[in-house]
Amino acid sequence: MADRSSIIHCHVGPEEIDSTKLLSRVGSDEDGAAILFIGVVRNHADGRPVSGMRYDSYVEMSQHELKSIAAEAAERLGTDRLAVEHRTGELQIGEISVAIAVSSPHRAESFDATRYIIEEIKKRLPVWKKEYYEDGTDSWVEGTLPPGTGARFKGSP
Amino acid sequence: MADRSSIIHCHVGPEEIDSTKLLSRVGSDEDGAAILFIGVVRNHADGRPVSGMRYDSYVEMSQHELKSIAAEAAERLGTDRLAVEHRTGELQIGEISVAIAVSSPHRAESFDATRYIIEEIKKRLPVWKKEYYEDGTDSWVEGTLPPGTGARFKGSP
Amino acid sequence: MSISVNTVFFALYRDLVGASTLAVELPSGATVADLVEELRGRGAPFDSLPTEPAVAVNQTYAMLDETLGSGDEVAFIPPVAGG
Amino acid sequence: MSISVNTVFFALYRDLVGASTLAVELPSGATVADLVEELRGRGAPFDSLPTEPAVAVNQTYAMLDETLGSGDEVAFIPPVAGG
């Protein structure tokens, strides 16, 4: 680890996520705590066996949005050493879809920033996932209306 | 990753902590989230430059206590795939003193269990640390009275 | 006077519409809501889009009353499910 | 009748006492508090131990009124600082 005052790394794309490398990006000699969060494709959803997942994204916008989320976490939660990657494309069970690494002088900031980032990703990042079930069927996972659009869904999909 | 219903790994000792390996211990095909928390030796304490740290422990008791903490996290917080290691001995800046890995079907359990374990470690684990300062002096880090002893400190160190 | 915007459809909406992009001509001063109405007025498959969808204009989330300009990229954003 | 317990000192207390272990004879029925009093009554360096320290008996945190048995391991636990 080295002395590094500020690191914000964000990426959305089809490349495999190396979570160990992500964690090593954020460490600093000033920091006493670091957290790595990973989201992985699991083998079930609402009791149905799942065989894989596809992540689609509005990639350019996701990059912007992810940078905004990271900047908010840095500003509000007092840490500016963080790295976030979200993967796109076809993923197998056990593969990492999202990884967040945060390093900070004390543990509270790392916990809070990591939690903030994953919750905002789920609310705002233009990413969609399709589940493939063991029985050969598939479906888009039900999502959340992003804030800031005024969208509503009465009588429409 | 594989199907694994329960994994509780705890260790206290002088061996270097391999956090990547710790995280890989806990994954399961059932799980959609995992967290790795690491505590590292930082280069400052209350504004004083620190050059290193020594961790002493009542090792046998720490092993028992760490297992109790992990079992509590598993029972109360709904995850039973967790691994915790605490290191003893002389550590350099940037070295890992404690690592906690938790894997669970959803993210909330992993966050809550990781946080529970680190907070309880700091309250209960019989571990002490001595800071070595850049100026050549050293001191025991001020600690916390563990619960369950009725201890008080009036007029004594 | 008219403007041309580039609409983009993702995920479920791409499946519904059967296309990922579409250039649409609109009267000058048209809003996002006007674009939605224009598209839904074309009938199938566009009438399967929501009447009040989430949209992003030039990669930023936007309200339905936002006024569009020529060359704007208007993305129809299904409920998001990242992570 | 008397019992013998094995006391163990860690970290700051080890530094204060200048020893890591010490066998202590106590009257049968003695409690943790009696052990502390016996040790502190010996004067320096033992009188630098707290009057009400945290202790663990046989590797479990214990209250000061816990009765000791022969062969018990009684550890004097300075405020803990793990992590």
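Read from first to last, the chains carry the letters A, B, C and D; within each, the first residue is number 1.
Convention: contacts are C-beta pairs under 8 Å (C-beta built on N, C-alpha and C of every residue); 3 or more make two chains touch, one makes a residue touch a chain.
The structure displayed is predicted, hence computed values, not measured ones.
Asker: Using the contact definition stated above, find the chains touching both chain A and chain C.
Answerer: none
Asker: Just the number, please: Cα centre separation of chain A and chain D in whole Å.
Answerer: 51
Asker: Compute the distance, rounded to whole Å, between the mean C-alpha positions of chain C and chain D.
Answerer: 75
Asker: Per the centroid of Cα atoms for each chain, what is the distance between chain A and chain B, given in Å?
Answerer: So the centre of chain A lies 25 Å away from the centre of chain B.
Asker: Mind pulling the chain D residues that touch 2 or more other chains?
Answerer: none
Asker: Hunt down the residues of chain B that sit against at least two other chains at once, touch-wise.
Answerer: Counting only residues that touch two or more other chains, chain B contributes 39, 118.
Asker: Taking the top-of-page definition of touch, could you list the pairs of chains it picks out?
Answerer: A-B, A-C, B-D
Asker: For a test of understanding, state which residues of chain A touch chain C in their complex under the given definition.
Answerer: The contact residues of chain A facing chain C are 39, 55-58, 60-62, 64, 86, 97-98, 118, 121-130, 140-157.
Asker: What residues on chain C touch chain A, complex-wise?
Answerer: Those residues of chain C that touch chain A are 8, 10-12, 15-16, 48-56, 59-65, 75, 77-83.
Asker: Help me check something: in the complex, which residues belonging to chain B touch chain A?
Answerer: 1, 3, 19-20, 23, 27, 29-44, 93-94, 105, 107, 110-111, 114-115, 118
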